[in-house]
Every structure is written in structure tokens, then in C-alpha cells.
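Heads up, the next two complexes both have chain A, just with different partners, chain B and then chain C.
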Partner chain A sequence: MSATVQDLAAPVPAEAEVAPPRRPGTFARLMREPVAAIAFVLTMVIIVSAVLAPWLAPTDFFHNDLAQAMAVPGTEGLPLGADAQGRDMVTRLLYGMRMTLMMAVAAVALGGVLGAMVGFAAAFYRRADAALMRVMDVMLSFPAILFGLALAAIFGPGLLAVVLATAVATVPLMARIVRGAALGVMAQDYIEAARSTGMSDARIIWRHVAPNCLSSIFVFTTLRFGQVILLGSALSFLGLGAQPPTAELGAMASEGRNFLFFAPHIAIIPSLAIFAIVLVFNLLGDALRDALDPKLRV
Partner chain B sequence: MTDALLRIEDLRTVFRSSSGDIAVVDGVTLDVPRGKTLGIVGESGCGKSMLSLSIMRLVPQPGRIAQGRVMLEERDLAALSSAEMRAVRGSEIAMIFQEPMTSLNPVHSIGDQITEAMRAHDPKASDAELQERAIEALRRVRIPSPERRFAEYPHQLSGGMRQRVMIAMALSCKPRLLIADEPTTALDVTVQAQILDLLRELQQETGMSVILITHDLGVVAEMVDEVAVMYAGRVVERGTAKDIFEDPQHPYTIGLLGSIPRIEEDRERLLSIDGSVPPPFAFPKGCRFNPRCPFAIRACTETDPPLRELSPGHRAACIRAPVELAVDIAA
Partner chain C sequence: MGRHAVQRILMAIPVLLGVVLVGFLLMQVVPTDPALVRAGPTATPDVVEALRRDLGLDRPLYEQFGLYLWRLVQGDLGVSIINNVPVIHELGNTIGPTLELMVASLIWAIPIGIALGTAGAYWRGTVIDRLITGFGVAGGSIPVFFLGLALIWYVGFQLQLLPFTGRGGPLWTIEGLKAIALPALTLGGTFIGPVARMTRTAVLDVLGADHVRTARAKGLGEYRVVTRHALRNALIPVVTLVGLQIGYLLGGAVVTETVFSWPGVGRLAVGSILSADFPMAQGTIIVLSLGFIIINLVVDVLYAALDPRMRTA
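Let's turn to the complex of A and B:
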């Protein structure tokens, strides 16, 4: 506080008019909140370890040692124990995280891009608005699990079915968020000014509407990421997603379920990983929303 | 007035509503002379902004042009396809708006926004060339150190500077007609004068036509060559600035002029026109001004007078003109 008073009292430097002092950026504001900073660091750790899984993993992905089957955590050389086939849980976990994150990225990217396109179209072309948004409402009324079941029946169970199902579940949510944000932007004078310069609709959306909706999109994406991981893991848990020997957190939890009473760590470790990832992404999403909200800026 | 750049013929812009179409611009016929400034004057709600948006074909939903032609030389803008119209916007007709504070996108630098506007009409130009032209455009609107301003964001500029940027953007493609919709209303008085001076200089440099929409008769007196007075979606008086200020013929014009304070007169109260512009769904029968008109006679409630030529180039839509109305009201 005293620093602020001093700042105010200090003589205005000559350059002040030339370069007004920069307001701390979004990232700086994010890092000021301890929870947000921790969430950000953990997110980075999760992403980096997933990306570098093949190099970080202590054993080869296909390596197994049946003698070590269901070894408890803390066993010599197996800090997290081994699963029912005697595979190192650390390796499985790293590869599982990698697969789960890839699935979530693919689903959020696909669903998010399609949803954003629908949302922009609905906000920009008011005639199409009602029709587009009713289609989104219909999609919203389908449970993603049901859709996943249907897709698994068509394509056979696998990651493709999970990605498509979660992507489809993301489209209407993203469309609503983007439409709402874009409607607010469309009412701004600079949109009319842009039209008066003869810019095409697509360029107005891309150059003027989209950048002003980015903060909403960003926050939603982060939050949705956690939800998609949960949903994808649930589908994998039901056996619709990743098939053995692919490591995927939901599928790993599902496999471990059979041994819940003699080797609980096989199910608990991937479940905890899901919990941690979802929690971290949600915390980051909340913190981003605060950091990007102009009304909360100090 | 034969040499018109833009000729609006019997233009009618309507908004769809549950009780039928409501006309906000109703049968306007108007010439915009080449190389001159036409002022469009009127109270809020008289349809002047809608007229300018109709020219640009930017009337917001659910409005549309129901009838009439907007002839830019030989072409009818009202009949162009939307792609053809887009090519006209910015390059042949440009517009500046009332609110410089919100008419620039806060997320792009002003240089980006100007080059973007130019790129819309010149997709082949290189970035370097566009940047050079944008800096030149900023220099033309007398923005100091344009090279540095080019990279700045709208929040770093004052209102007057932003309006200059808007003007630079509007003029970047050398339009033949500039529509300025209350360009100085949001600015304080000293900045207003600077912006008006700038507009006048730029007009003389480029020889473009300007439509200046305003409710400020002081601005009109200072800036324009010709005036159209609008009331309730119609043009009620049209003439040169001299005609309108020295010999106003429509009671509405007289009322507007009476409501400006004059430094040489020692009057206790300003004249005012009672009431306000009726909303478009409640226009009265006969002359639309008759309920507020101090000179209204019975005939005024029965016939809707067309614009009538009173002297060459000076027309008014009043059945009582030409009486020496101005004399009555000054007394």
C-alpha cells in the first residue's frame, strides 16, 4: 500500500506521456494469486511429463515382469508398484496421462472449433440464430455417454469413439459460450465501423469479433478440458475407449477394479491422477477467469 | 445542383414490426453535390442517422430499404448485390461515427486497423506498402509522429486523436463521399473545432463530397455549403446554407434556429419547439410537424405538403411558405 502512495506522490517522469506505464499483463496477474500460480505450475508439470513420457518412463512401455505382478508401491525399483501383469505403474501412469491428455486435447480442439464456428455464425447471422441454437439444444440433450455407446457400436470401441463422443458433447456448450460473447461484441461500434470500411463478414469475425471473445473461449476451454478428461475416462472405464494394452487413465482404473481388494493401488493411482488433473485444470480455469475479467482488475 | 455525386430518390427505409412496417426514412429525395458539404440537420429521432445507414446499406435488422434508389452517379446502390456493395463501402463511400472512443477495436493497434481497412479493397498490396500508406494517412490527419502512433493501441490515444484515426481510416482508400455522422458530438468544444477544421481542409485537398450529419446548427453554419433539414423521416427544407440561415421557410427550421443562443441578442429565454419528434409509429395526419407548429392552420392537418421550390434551389415542405414567418417569430 505504501508503495502505491509513493508512486502517486512521485513526480511524473518525462516519458510518462510517451509510454504510459504498462498495466501488469494477464500472466503477471495470474501469477500473483498463489493458488493460480500453483495450478499453473502443476499444469505445466502434467503436460511436460505427459509429452516426455517415452523419455521419462523408467521402463519400456511393453516391459513386464510377471514375478512382480501386483507389487505394492514402495517395492524395490517400483515406487508405485506394478499392475496385474507386472508392469511398472510409473510407466503406465506416464503413458496413461499422455493418452488421456491427447484424447482431451483432440476432443476439446475438435468440439471447440466446431462449436465456436456455430456460435460465431449464430451471433453474426441473426436469421440463422434460432435454427442453429435449437440444433445445439438438441445436441445438448443427448447424454455424452449414450452418444459414446452409439459411436462405439459404429466404429468399434476405441479412442476414436471417445474423442468423437466428447467432441460432440463439447460443441453445443462452446457454441453457447461463443454466441453469448460474440453478441456482446457485435453490439460494439467498431463492428459497424468495420462494416463501413467494406470488410467481408468472415474477416470481421476473424479480426474483430473473435479476438474480443478470446477470454471467454480460453476460460471455457480450460474448464472443459477437465470435464472432458473425466468424461473420456468414464467412457474408457466402461470399456468403450482405449483397449489393452493402451494405457489410458480411465481404462487403467477399470482394469484395476478387478483387483480392488488385493491390490487397490492399481485402481487408486490412475483414479488419483484423474482427480489431480481435473482439479488442477479447474483451478487454472477459475484463476484465468479472474485474471482475464476486466471488472476484477486492480 | 445538377452536378450531383449521389442522388437519393424517394427512399423509404422501414423496420418490420408486429403492427406492420414502420418507416424511419419516408420518401426522401436528396442530391449530394460533387465536391461540397451537405449538412443534414434535425433533432434526435428524425431519421438522419438511418438515412446515412441506408446509403451505406448498413441498416440494422429488422430494418430494410423498402423503396427508392440511391444513385451513386450511374449506379443504384440499393440494387447492388451485397458483395458489390461491400466493394463500394470504404473505397467510394466511407463513414465516420459519433463515438471515437468505441469505434476502434481495443485489441488491435491503430496501424493494424487502418491497414486492415485498406487491405479489404487492395488485397494484393504488400504489408510494407500498406504500412507506408497507413502512416501517410495518419500524417494527413495531422497526427504527430505517425510512425510511433502506428503501433499504439486505441486506449493510448485521446478522443480527438481517435477521431483523427477514424478519419484517417475512412480516407485511406480515397472515397468520393464521406458520411460523417455527428463526428464531433462526443468531443469537447476545442477538439470539435480542430476536427471540423481538419475535415474542411481534407475536403478541399481531396475534392470529395461530405455529408455532415449533426444536430448542431453551429457546426452547420461553420462547415457546410448546403443544408437539408429533416423532420420525422422526411426532408422538410433544402437549400444553400445561406438560404437556410438567412431566410428559413419551414417553421421547424425557424424553430431550430430560434433555439440557438446569439451573442448579439439580449433575450431572456431561448425559443424552443414544444414537444419532441413523434415516434415513427405515431406520425400525425397531414403535415408531420403540425402538432408542434405555431403556424399550423386546419389545412395542415389534412394535407401532407411535398417539397416545393420557393426560389431556385431553395425548397420547403410547408403549405404556408413563403410567408415571412421569420418576422413573426422574432417579434
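Let's turn to the complex of A and C:
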């Protein structure tokens, strides 16, 4: 079982046989669709402004001016107005987006990795398949909001509960997607070839199976991102997630709800932001699916 | 078919036990002493001690779990820490309004969703299809609370058309109907998109089938072809998928109830978690999960009953 045999056997069929997910032209094809192109640009804008929030924000995060409390959008120096404590809504919005996106990244990463591991295990170890997927079915059958309620009851309301709940809800979905994709790859001859060279299971999964499942995983992750934001911000809106003074879009909408009749913009602006972000991710995910993986079309 | 139903019910049992176990463990990790709570603030230490023995809190965990199950079967879920009301009592009061809200939302959202999905499939690829698909994507991206707040602000506050807090009374009264209108619009509104998308896919599948071509070939009108031959066959998967989406609706119901102060289980759950009323929180979570398992089970068995192919399988 020398290294040379493995190295010879490994890369050749992978490149020759399977259409690689990152083939040149996919991106170009994606950009030819106007909706996809716009969604892609907006996604970049959202991500960049969330990452750069501390530098883009016009005021310090903790800065407030009670004289400006509930200032309407368009007030001098406050393009989006101010909230009930006189904090600049632009600053709050940028930090809120940042927190919401971080929450979603953490949840999708955690749930996605666990789900992918389950999915690969189910596809690879056929004997464990039925049991694993049965557990996933049960998890899938529970509404995510129940995970949120239970975890918030156990850990107390907070971001941890929201991230865990949305991650748990992501696990069975990712497991299904990965299992399906992996089963398709496992039927290929080059997996048999890799096996015959004596490669370890983990190495086969990592080197040969996983890379060829990437496009499915990528499409799912993009679509899931929007769902997780929707779910997480709903939990925060209920008071089970981010706690004040943390700026998180759902929590901001919840705070603004108390002033709905005097200053509707305090609730409407973060709500609109969530809507826009989720919409953009959904549009991008749909477009990616059409471009990369038409089989996933439901 | 009968075997299928029995199988599904048997499979639901471990899930049920799991839910109950989670509820039990929830009560173990919380920092309050149930005996102390039940005895009340004026109780002497030996009263608390007696109660602790009564409740079985001095026994090992597995025995406590047995006791817990036994009490659960009898409908004893403990008492609220906040107002000393039996949990089961409070749950009994809130289940009705939650069911009311869900039914009131489904009753208008499903027909509209099915109509939109069918139209999208029939005029596939046209502007109409694109509009409906776009509407579905937008509907699936809107936060429930946003829809609720927007309706409260515009219809309730600006136009002063409909009330937006609490339940107005029984549904057969004008007040009751008025009060449920906005919550049902909110919750149903988020459900149209998914229903339309699922219907569109199902109808598209059927429209390409041979029997539809036959129906057209024998000169049936388009309306009849679509409604009688395509939609009817597409409805089986739609019913199942919609049934399995009830969980999605439940999540929306929790948010909608909170936004509109609707006195349902979801609002009770959120309120009890926020006020650290653990017995109540546990009760609501168990009831919501139970309801959910039962709905899934019924949909599953119904599907087998509806679809003859499932009977032989």
C-alpha cells in the first residue's frame, strides 16, 4: 500500500469522468440570468456591509442622543431616522445585519457539518443507513420552532439557543442532501478503483466522494441560509434570541413593535432588511440550483 | 393499509417517549425545586419535606421518570410557578384558540395556493407563471411578524378596519370573526407560497401524463381537462405535502399568536419560557410536539388510504 499507488489512482478518474462542479462557465452562465446577477451582487453588498459594519457605521454602536429619539427617516443627518433611544438606525441596521448573518453562519456551519457527516456515513456504511436516516426523519418531522422553544427553555433565551436550534433543524436536511448526492457518486467506477487500491474509507470520502457532492452542498447551503435567517430572527423577535442591547434584526423589530403607532420605521426597517436578505439568498440559491444542479429542482 | 397504519403508530411511540424524556430532563436542569414551589412561600420545612416525599423527588432519577410518566398519563403536568394554576388547565384553555387560528388560516390559504399553483403549471413559462413563482418566492421570504406588523399598522391602525389584539369571542359572533381576520390573514399569507409551489410541481407532472393527452384528444374542454383530469390526480401529493408542512404553520402560529396577543399555546409557550415558568414551558412543549406527531401520523395514514398504490406496497 505505497503512497505512489494511491497518488496514481486517485486524481486521474476524478478529473476525467465526472463533470466537476467548478467547471469554468458555470459562473458566467449564472451571470447571464439577470435575476441571478442582481441577487449575486446584492449578496456581496450584504456580506460586505455586514463585515465592514464597524467601519461603515456613521456613529459608534453605543452612541445615542435622546433628543433625536424616534426621529423619522430623512431627518438631517439620520437618513433612516433613529430608534426609541435616539440611536442612529443606519448604525443599528448595519450591526443588526452583522449579528443576524453571524448567527446564520454559525448555525449553518454547525448543522451543515454534522448533517454532512451523517449523510456521508449513511451513504458509505449501508448497514447504518436505515437507522441513521430514520433518526433524521424524526428530527425532520419536528418543526424547528419547537427546537427553539425547548432549547430556550433549557439554556435560557439567548443567541446560543437560537444558533443551536437552527443548527439542529439543519442537520437532517443536510444529511438527506449529502446522502443522496453521495450515493450517486458511490455508484461510479472510480470509487471501486479507489477501494481496490486499499484507500481508507475516510480518505475515499474526503478525496473522492465529498468533492463531487460539493455543488449539491453549495446550493443547499445558500437556500438554507435564508431559511435559517428567517427562523433565527423569528426566535429573536419572540424574545428567545439576542437580548438587548445587542443589535439583531429580529430583536430590533421586536423592540420597534412597542412604538409601531408612533414611529413605525423602528420596526419596519429591520423587518424589511430581513425580508430583503432572505429574498436575495433564496433567489441566488434558486439560480445556483438551476445552473449547477438541475436535479435538485423541486 | 391497516398494516401500514399500525406500523406508523408503532413507529410514533419511541418518538413520543423521546419527547416526554426531553420534557422530563428539562425539569431536571432547571434551577427551581418543584416541592418548594408547590408548597408555597409560607410552608414550613417539614411540609416541604413531606411534599418532596409525596412527589417522589427523593427517589432515584429512573423511578422519578416512571412516576412522571404515570402522572403524565393522568394529565398531571404540575402547576405553574407564576400563578399556581395547574398546567393542564391552562393548556386546555389555549389549545382551542390555536386550532381555531390554524384552521382559519388554512381554510383560505390552501384553496388560493392550489389555484395559483395550478395556474402557474398550466401557463408554464409565461409571464403568469413567472409572476406566480415570484410571488411564491417572495411569500416564502417574508418574516411572519413583518406581515403581522404591517397588517396591524395599516389595516388595524391607519384604516381602523379590524381589531388586532386578542380573541374577540366565539367564531360564530361578528366580534370573533373580526378578531381572527388579521391573525388568519397573517398566518395564511405565509402559507400560500409553499402550497402554490408544491401544487405547481404536482400539476406539471400530471399534465404531461398520457391520460391527460387522451382527455384532450377526445375533445374535452381545457377547463375540464385541468380541473377533472390533472388537478384531481395532483391533489394526492399536494394533500400529503401540505399536511407535512403543518409544522411550518405551527412555527408561524407561535409568532402570529405573539404578535396579535392571540391566547393560544404558542403565546403561552413563549410567555412561560420568558418568565422562567418551567412546568408551564414543559407542558406547552410536550403538547405542541404531541399535536405535531398526531397530525403527521394522521396525514401519513390518510395518504395511504387515498393512494391505492400505497395499499399493495
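Following the convention adopted for this analysis, the second predicted complex is superposed on the first by the 268 of 298 C-alpha atoms of A that agree within 3 Å, B and C clash if a C-alpha of one lies under 4 Å from a C-alpha of the other, contacts with A are read in each partner's own complex, and residues count from 1 in each chain.
Just so it is clear, a residue touches a chain if its C-beta (ideal position, glycine included) is under 8 Å from a C-beta of that chain, and two chains touch if they have at least 3 such contacts.
The structure presented is a predicted model; accordingly, all values stated were derived computationally and were not measured.
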item: Superposed partners chain B and chain C on chain A - clash or fit; value: fit
item: Partner, of chain C and chain B, that touches more residues belonging to chain A; value: C
item: Partner chain(s) touched by A:194 [first = chain B, second = chain C, both, neither]; value: first
item: Touching partner for A:122 - first (chain B), second (chain C), both, neither; value: neither
item: Touching partner for A:250 - first (chain B), second (chain C), both, neither; value: second
item: Partner chain in contact with A:223 - chain B first, chain C second, else both or neither; value: neither
item: Which of chain B and chain C A:203 touches, first, second, both or neither; value: first
item: Lowest C-alpha to C-alpha distance for chain C against chain B (Å); value: 17
item: Shared chain A surface residues [contacts with chain B and with chain C]; value: none
item: Residue ranges of chain C in contact with chain A within the complex; value: 15, 18, 22, 26, 29-30, 137-138, 140-146, 149-150, 152-153, 157, 197, 201, 244, 247-248, 250-251, 254-255, 258-259, 269-270, 273-274, 276, 278, 281-282, 284-285, 288-289, 292-293, 296
item: Parts of chain A lying in touch with chain C, wherever the complex brings them together; value: 138, 141-146, 149-150, 152-154, 156-157, 226, 230-231, 233-234, 237-240, 250, 253-254, 257, 260-261, 264, 267-268, 271-272, 274-275, 278-279, 282-283, 286, 298
item: Touching residues on chain B, where the partner in the complex is chain A; value: 56, 58, 61, 86-91, 94-95, 97, 99, 102-108, 116-117, 120-121, 156, 166, 169-170, 173
item: Touch list for chain A against partner chain B, complex; value: 20, 126-127, 188-190, 192-200, 203, 207-208, 211-212
